[in-house]
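This report concerns only the one structure given below.
As written, the chain order gives the labels A, B and C, with residue 1 at the start of each chain.
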Amino acid sequence: MAKLWLMPFMMSNWRASAPQLAYYANAVRTPSAVVFTRNTSFFNKLPAEDIWRGVTAVSNAGKKRGRGKGTGKKVAKDLNRGQTIGLGKSNCIWPGLNAPIIRGNELTHQQKQSENLDREKSIISLRDSMSNFKLMKLNPIDRGWSGSKMPGRSIGPPDAVGEENFNLFDTRVLENKIVFIMKGNMGRKRRYSVLSVTGNKSGLAGFATAKAPEVRTALRKSKNRAGQKLISIDLYENRTVNHDFYTAFGKTKIFVFKKPEGHGLVCHRAIQTICKVIGIQDLYAKIEGSTNLQHIVKAFFIGLMRQKSYEDIANETKLHIVERQMAKNGFTEIKASPLQDLKISENDQIIDFMQFTLGNKIVLRKKKTPPYYVNTKGHYLFECKAEKFRNQSIVRLHKLVNSYT
Amino acid sequence: MLIVRHLRKLNAPQRLQLNVDQTRRALSDANLQYDKDPQPLFTDAETQRLLQSMTQLQLEKVFRKRTVADNSTETKFMTTAQLEKEFLLTIEKAKKLLQMPPVVQIKPDTERVISKDPALKDFDDSKYVFTDISFGLRPSERKVVVRDVDGTLSYAPLETQKRMNQLYFPLDGRKSYTPRMFSDKELLQRCLDEHKYEFVLDRLTVQYEPYETEFHNISAKVFTHLNESKQFDLLRSTRHFGPMAFFYAWHRCIDDLLYDMIRRDYLYNAVQLIALSYKIHKVPVEYGQTLSQLEALQPTPAERALEELRSCLQKPSEKGIEKEIHAAIGKTEQDFTADELSLKFIEQYIGSEHALKKVQLELAVQTLKELNLEKLQLFKGLKKAHGVQAS
Amino acid sequence: MLPLARGIYSTLTQITRNSRVSLHTASAQHCKAEPAAENETPAEDEEGENAKDSASDPKDRKTVIPVETSIRYLKSAAYKTTYGDEFVWTQYRRNHKGMFAPRKTRKTCIRQGKISTGNPCPICRDEYLVLDYRNTELLKQFISPYSGQVLSYSKTGLCQKSHLRLTVAVEQARDCGLITYDVPFREYDYSEYYGKKEDSKQ
């Protein structure tokens, strides 16, 4: 009889249910109180793996029919976690199992102790925490370009290579997409392609694409590869580009303009992200033609690399370069002077600086079409009615300003 | 030896002591007024030259970064000739920005009746103001007349005239009501305690006309406070420095400003300040000769600024060793001779009865002398070491 | 190993694993720190009774906070832990549908003495930020260092009511001389003041 009771102990998944174990333990101690039950069920016949597969996965056939869309949300729980052999619902000392047989000179005896209520609770809470894996709430600042997607998000600095570590760097994902290739034996092979850019916010940056069968590995690979391809970029006052420039890659054409302090980044979101990583704060960029993301990134980086310093331009043109600042009451500051002066006659035209730096390219400026309603009678009436309120907001503000509390 | 000299000076005639007391009382009195019309003296060509020279022209201060709606920059190519023209324009602009607010007497408000028409009595229960709003007139030329309830037609009082002008041709920055900063004494005091002198004076020029009582009261208050806090450098190279120096010279309290000038090694300015004070109070001391001698030795602020602008164009190789020595020490040979001249003049002033804080000034002069001597020795040594011929 | 200790240990490992899995989010903890810090401040202040009220309902905005308290709060350690060295509005983002935010922000965050929205504007979310002309430290955070103007609500995310109060407070502070600004240059026409003397001068 005892042998029959001990049978379940030998099953491969006997540890799966602790309460049962405790029950058996009790049964062993008091064999007289046994009630005959059928102990083979769906749960103790199959190994835990198979049982869990029933809820976490879908059969191959099912997958083909489109079943199991929500797979991946449910994860198999390890029910053995937080449990130890010999410790159960009823808090008992089992010499040789969870306590030494001889303590000092005395032989320890099997002994029941006060019941531990927390144990069950902690096990249950542990299991709950395992099941519903919650997405971390992201700060709105750290969110990417769109929703919970990767592009635009930061993935930390590249991993250290030997002694060299990238402490001040920050990497941002620019593109994360699925790509396929055909393989002879596997057919369509799916991989993730990630384009990311890394930089130290003071003119050192690099970008790279990497592909991998897993998103995470692709992210890591591209991040580390970007760290290996750093380019040093000249910044003006550590905040903007040296000068306006035109750059192109494929069908993508970009016009980049240097802007005064406080202007901000007014450009495509990919260029914005690159600029943030490089350390550019004020810039305007206009893209003409294709907006293929990889081309934008490449074109922008080429343009940044081809920038000239003011000294080089001055020597090339043999002219002084001056900057007039409106914030300083129109004060002109000499930025660079040529090594030798240009001997120029009165009639000669001096070229425009912007024309020079843009390489004689002209930005396409579309004519603004007025809205359809401008010449309608209704709009005219609206303007007539609104006219008498044109100063209302100013007057209201003045009244409020002069009523101190 | 020195102490004995000081003591002798401290035991100066009784008259001097009286003078000191008077001035102190006047200074503690916040409302220092011009007792007669200061305008002829202020607009005098020599006074203007002295004031402008004292103001100095520090380019980075005149063209400091301001908050503007459009802070764009424009990059250009320029030839050297164009650049030269640009420099001159810059100096012109700086002079314009340093234009001193006029110092004039308080204008009394007189009633000028045009006609009395008793027939129009009680035509309405409020006054009528008529304003000529034709384009291009100057504010003082603009005719504003008032028809009173009792039928009198008269020229509007100054206050009304100013308000009507502001209504139809608003001056940028002027408020139609008195800003609380000027009406509330505590707030004004707080501004002054935080050393916002330039801001207060800038606002004053915009808000009030130079002939108004408030303009005189507040500017007197600011200058008095400034004299106590001794932060004269805050106003240096702004449009308010000239009127400030004029104010101190007029009210015989130039000593603090003088001390500041000596301490900062602006000896030429110190001489000018003393000369100005002599001129205003008609003290029979010959200052014209010293001034003209110094003038020959020292460039005007505009010239100095122009030179500073031009120095950007020179290549380091062209500068030569002499200039490098000058740059290292900050003075040229001419400066040293000018210093000697001005020190003589200043000491003469300190010795006279007009100086009030003799001990302090004496000490400052002494320290400066020692410093200059050291510099001179270093200068000569450097020249010798580099083998530059003393010219 | 005791079961309880083991349970704690395993949760700990779980947490660290989670944080490793989750992407680089420096400000996740910052978010949590914010309400905690806000609850701290009343404890420092004199009004102990108000503290109980606000602790009971964090959305209640019926108690009027005096400006002096706000000025002190801006200098306190609680403020420092909440916002760090950044402006009060830098960490705020508007919630909106679609690609572009509506042109105007919401009319008001506080209705009938209560916060009526889940994402109140930077001023309304922290009741110890009081817009007043004396509170210059706060006002300076909303003034552009380049143009000298009050920053637009499209940048700061303030609700319309707060923005109006802000512009009024800034104007008042300028009027009182508490905030300095660049006064427009006035060019004098000397002949207007010296008039007739012009001839004698030459």
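Just so we're on the same page, a residue touches a chain if its C-beta (ideal position, glycine included) is under 8 Å from a C-beta of that chain, and two chains touch if they have at least 3 such contacts.
Chain-to-protein mapping (UniProt): A = Small ribosomal subunit protein uS5m; B = 28S ribosomal protein S22, mitochondrial; C = Small ribosomal subunit protein mS40.
The model shown is predicted, which means the values in this text are computed figures rather than measured ones.
Name the chain whose C-alpha centroid is most distant from the C-alpha centroid of chain B.
For chain B, the chain whose C-alpha mean is farthest off is A.
Suppose every chain is reduced to the average of its Cα atoms; which one is closest to the average of all protein Cα atoms?
So the chain nearest the centre of the shown protein is C.
Between chain A and chain C, tell me the centre distance in angstrom, where each centre is the average of that chain's C-alpha atoms.
27
Which whole number of Å gives the spacing of the CA centres of chain A and chain B?
So the centroids are 60 Å from each other.
Using mean C-alpha positions as chain centres, tell me how far chain B is from chain C in Å, no decimals.
About 41 Å, centre to centre.
List, in ascending order, every residue of chain A touching at least 2 other chains.
260-262, 327, 404
Where in chain B do residues touch at least two different other chains?
66-68, 71, 97, 180, in rising order.
Where in chain C do residues touch two or more of the other chains?
Expected reply: 144-147, 172, 175.
Taking the touch rule as given, give the residues of chain B at its contact with chain A in the complex, in rising order.
It is residues 59, 62-68, 70-80, 82-83, 86, 90, 93, 97, 177, 180, 312-313, 315 of chain B that touch chain A.
In their shared complex, at which residues does chain C touch chain B?
144-149, 172, 175-178, 180-190, 192-194, 197, 201
Could you pull out which chain B residues touch chain C in their complex?
39-40, 43-45, 66-69, 71, 96-97, 99, 101-102, 104, 138-140, 171-173, 175, 179-181, 184, 187-188, 190-191, 196, 199-200, 202-203, 205-206, 210-211
Going by the contact rule set out above, which residues of chain A touch chain B in the complex?
On the chain A side, the touching residues are 243, 258-262, 317, 319-332, 334-335, 337, 339, 341-342, 344, 350-354, 356, 402, 404.
Please give the residue numbers of chain A that touch chain C in the complex, ascending.
Within the complex, chain A touches chain C at residues 81-84, 87, 116, 118-119, 122-123, 126, 129-130, 136-143, 153-156, 260-262, 327, 397, 400-401, 404-405.
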